[in-house]
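Below, each structure is written out as structure tokens.
Here come two complexes built around chain A, the first alongside chain B, the second alongside chain C.
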Partner chain A sequence: MSSPSRVSLLVLGAAALALAACNREEHHSRAKPIGETVPAGESPDTIFPGSSTAPPLDPRAALYDNNVNAISQGQQLFMQMNCVGCHSHGGGGMGPPLMDDEWRYGGRIDQIATTIAEGRPNGMPSWRGKLTEDQIWDLAAYVRSLSGLPSKDAVASRSESMSAGTPQTLTPHAEMNNSDAVPQ
Partner chain B sequence: MKLSARPLAAVLPLLLAACQYQHYQSDFGKGAVEDTQFLTLFTIFIVVCAVMYLLVIGFLFAAILRRGRIEANVVESGRHHESHPLMQSTLIGWAALIGVGLAALAVASFVTDRSMAKAATNEKLSITLTGNQWWWDIVYNSADASKTLRTANELHLPLGVPTRIILKSNDVIHSFWVPSLAGKQDLIPGRENDITIVPKRTGIYRGQCAEYCGTQHAHMSLVVVVDSYPDFIKWWGHQLQPAPAPASPLALAGFKYVTSGPCSSCHNIGGTQASGQVAPDLTHLASRKSIAAGTLPMSEGNLYGWVEDPQSLKPGVKMPTIGLPPDRLHAVVAYLETLR
Partner chain C sequence: MRIVQYRQGTQKLWAPGAGGFHGGVMRRVTGALTVAILSAAATLLGACHRSSSTQSTSPIAEGPLPAGNHALPPAAAAPADDGNWVMPGKNYAATRFSALSQITPANVSKLALAFTFSTATNKGFEAPPLVVNGTMYVITPYPNYLYALDLTKPGAPTKWVFKPKPAAASQGVACCDVVNRGAVYDNGKIFFNTLDGQTFAVDANSGQMAWHTQLGDIQRGETITMAPLVANGKVLVGNSGGEMGVRGWIAALDEGSGKLAWKAYNTGPDKDVLIGARFKPFYPMDQGKDLGVKSWPPDAWKIGGATTWGWLAYDPETHLVFYGTSNPGPWNADQRPGDNKWSAGLFARDVNTGEAVWHYQTTPHDLFDYDDVNEIILADIPWGSGRRPVLLRPDRNGYFYVMDRRTGQVLSATPYGYINSTKGVDLKNGRLIYVADKEPKAGRVTRDICPASPGAKDWNPAAFSPVTGLVYIPHNNLCMDFSGMQANYISGTPYVGADVKMYAGPGGNRGVFTAWDPINRRPVWEIKEDLPLWSPALATAGNLVFYGTMDGWFKAVDARNGKLLWQFKAGSGIIGQPISYRGPDGRQYIAVVAGVGGWAGAIVSAQMDPHDPTGALGFANAVKDLPMKTTAGGMLYVFTLPR
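Coming up: the complex of A and B.
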């Protein structure tokens, strides 16, 4: 075998491996495992911004973070469940903006999922039991994308709904800053 | 002998079933004025085009058979005027025939188009049909808000009443197509289309989304029931009623879960706290003929299967698999069955 063909074989092999490792398009139509739980966190009665140290990253986060399907399903839920009613399309209103770099209760996907599931003081309702765990994770994945945190190849270049907004691929990347969560 | 009879035995029941449902989903159903007009137009087109086609083929064969026997007077030879008089008059006749045929098609097309448009100006009932991935949201519009009716996936039409169906979409392009009645007409996000139907034969027909709209496009069908006018009014009156209060303890347990749990975030059940607006209205779910936009026939067993694991029956559907424990599943299905 001549060396150029050996090189091209190597390149092909490497490409196949790289493709196999690519799970951004992975889609679990049934949430797996069924009955999974969003990590329980502190309830709105006890929590203060930044009052708790971040727990170790939940292993389920990898299923949803940077996942194309989770982000697009989350985008539909964000409209359907009327998150826009308080948070607008990320710019905030009655609720805090979601597209800036400040995360009062943590900006990791599992921390956001906990925030959605448990609710937070001053108006954020608890969605545990109203949405499935899978849907809460999807929503968390989309909320992260509002400040450009997921990688660009995971977000949609066009919206799932009627929208004249800028495509998400152009969302500027904001740092994940928990600094305003320092105990007062 | 035994072997050859076997396939027949397998096919025969299918053929018989085909006879029974011959108008269920068929362009030849003649279930509505529109479908009949269209079928007439189509027949005229087929007949005119078939006659012309056969004539062309006939001339072609004649030319092949006569080849070499007569010296052709082609245009380039400049002796066209020397052609046989019969040939000349035949050519003139041929041109005239083409003219008449095209004119006939144009007139037939115009007349059909105008008469369909005329029906649209004579609207007596207005329905808004909104396409979603992958189900149909149906609203019967009425000036009286207490008569406005919202349902899903099963369209009831009154016999002989010109009904205008306003077509919208919430996500991607869908297409309304009930072959036995009329169609197709697209449902386009951000736009309003409409189609007018005057049903002329009672019965049950099947509609189908006719524009690829995602994974479950094939499971986005619509049951259309054409009722006599009194039956239709009775149906409307019944559908306007709120959901009945559950009587049995099991159904009551299901009621409590459905109206407070995750079901209520998306589904609406009239007269209860369940008021989600993003999934099919369930107020009279058990009175409908199918589950999940024609995916399954309505039955207790199918309800069990659907509620427990919709993702295995219609993978990708927006309804999540919740994984209800058995006792809760029994309660939920018992409650859904009371929604008649």
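Coming up: the complex of A and C.
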């Protein structure tokens, strides 16, 4: 490999890294408000009669998924709103685990947001009207981060309180191989 | 599995059989020195074979205690055995003892399957089957199906199934799996509760509903998992939800109509608790006006737990019903300074009016989730020249209580498991004495608290044999790390405020099966089990004791010495209660339902991820290996001797 091409590769690599970091810490505090309705997320594992593809990802997903600020806010809400009482720190209990690769109602961030907003019939409460849309998306970002799907530099290295458990960055995960849990 | 033998004069000495941990060879070992040396060696060996399911035994006890000189159940509460099994406790004294004796230590090795039945559920199965005059009744976890099986026909075909269709959302407010602890038969009807807070009465012959009454409200986090008790024309029912910020209560429904006869709260002002002129608690700590309000921060009693999810007993002579109350909420005790009455305590009430007659707060200002809901066994023990009416209770906090059931006085409280969270019970004022070092404070992790939240023993009841005078206690050996944090009350969601991580206690075994002598206050023998014990026990007049393990072994041991005589591997872990009955053919049968789950087995039945040590309120960490040892699925197994 010649030297100029190696340099260009390096430059490209650096640019890619820089781009990837773009939305990591983006806060959107002055962003234009977008749709106020959490979408009804369809599972990619279901059937869509009359078409062959799943509906496109909600445009807000890109603002929250893998976003340090959203994940951190979501982590605080996860404790404050008692999500932790049912789902523990992802291992589950009264509610299903969130850190594995099985998603009963879809593992896309918009689907997780829908689950939080609407509830689910076997015991998941509906938080619509109790949390703002922004908070629901923050929570969805954190829940998705529990599964180990976002990059490790986005999740918090310690929890907000003293805990007998393991920090999220040090928590081992089973291998992810479920089609519902692929990175988006 | 290892057996530890205790004899009078030897304190906590134990020895494995010389055959090691694989043979189960019985050897008589005499001489304390030999025992001590073997004991040291066994400790080392034991560490190597912690997960082995083999067993060894140690010296045989001296045989049953002399007749008449040991505890006996009161005849009025434990009438002669008719071969049926009509309530989980077997009788009002809650002995879980069958007087049938065809199956004995001599022939139990021939015990074989008679029939099986799939319950079509995959959640924790804690309930015993009932048997009434040739029909077996099986109540499942959510969705709480009630099956009637015809025992008069080969293979016990289904007569009918009753489906109460509880609200699916109730699954989301049940703290520790969607279990049901049993139905009860009385006067032609089967009574049971559903997870969504209803009580049903169903005609035992036809399977038609007689009545149903809605008692709990899932929007407030209330469920019902306990088995009702029917006494004196009243169906007694209490709520679950001590982890959901509910307010605990017990209700009495008219047996014929299902109409509410009385309802008593376990927190709040005296008028709500049905505390009046007849209330005479033994200790000053339980005396005073409106303690159910004053022993809490303002209004905290309204969301303070103290539910009634465990076991009741009834004394027909005094018309007193006895039951214990759950932990106070939230678990983070910093949020509720005070004694938090009447949580984690024992009530005696008049069954006709609900009036409280006495209360004893077993664990005031509970710090560790030591609910007080365990079984209450009625017994009369030798006392002076006569007998004294008492309650026997292997409590969650690790002490075996002997209490006068007329007054609530504690006669003794003796550790039956390893305890470092408390120093003992002060018999002068009745108070449990906490160890300051083990008191959790918000913002720090308090380590090595023993017993852990499920206690030295949780809900799964012991059996009491009037033949041996011993109480057979299936229990745990677990410790924990505990960190408290601010819990926010949001109705219908958990109200806990703690991160917990549990693990095996000293010795490394997570379960223990103890034969306890309540008179001499000592273990007679012990079996150390690898996994926590979550199944109740059954004792029989054939001098056998039955229990199950969470990896699916159903075991029969000799009631006199703990020797393993027979075992059967079920398809799922066993947390259900075994029973014994006389079949229509006159033979003795043993029945148990396998189906792992409950708090201890949620890691399997709820398909939890074992990578989070705090899962299932910290129990997941203690049983990380369980998903590799068993799978979920309810299945009834019925055994008898070959013809």
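Note that the second predicted complex is superposed on the first by the 127 of 184 C-alpha atoms of A that agree within 3 Å, B and C clash if a C-alpha of one lies under 4 Å from a C-alpha of the other, contacts with A are read in each partner's own complex, and residues count from 1 in each chain.
Convention: contacts are C-beta pairs under 8 Å (C-beta built on N, C-alpha and C of every residue); 3 or more make two chains touch, one makes a residue touch a chain.
In this text the structure is predicted, and so the values were computed from the model without any measurement.
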Item checked: Winner by number of chain A residues touched, once chain B and chain C are compared -> C
Check: Is A:Q80 in contact with chain B, with chain C, with both, or with neither (first, second, both, neither)?
Finding: both
Next item on the list: Please work out whether A:P121 is in contact with chain B alone, chain C alone, both, or neither, and reply first, second, both or neither.
Entry: second
Next item on the list: Considering only the touch criterion stated at the top, classify A:P167 as touching first (chain B), second (chain C), both, or neither.
Entry: neither
Margin query: For A:D100 in the superposed arrangement: first (chain B), second (chain C), both or neither?
Written below: second
Note to self: In the overlaid three-chain picture, which partner chain does A:T132 touch, first (chain B) or second (chain C), both, or neither?
What the structure shows: first
Notebook entry, point to check: Taking the two structures together, which residues of chain A meet both chain B and chain C?
Noted result: 80-81, 161-162
Item checked: Touching residues (chain side chain A, partner chain C) in the complex -> 79-82, 84-86, 88-97, 99-100, 102, 121-125, 161-166, 171-174
Notebook entry, point to check: Residues of chain C touching chain A in their complex?
Noted result: 168-176, 243, 443-445, 480-483, 485, 487-488, 490, 492-496, 499-501, 602, 606-618, 620
Notebook entry, point to check: Mind pulling up the chain B residues that touch chain A in the complex?
Noted result: 170-171, 189-190, 260-262, 264-266, 278, 309, 311-312, 315-316, 318, 320-323
Item checked: Complex contact set, residues of chain A against chain B -> 29-31, 34-35, 76, 80-81, 129-132, 134-135, 160-162
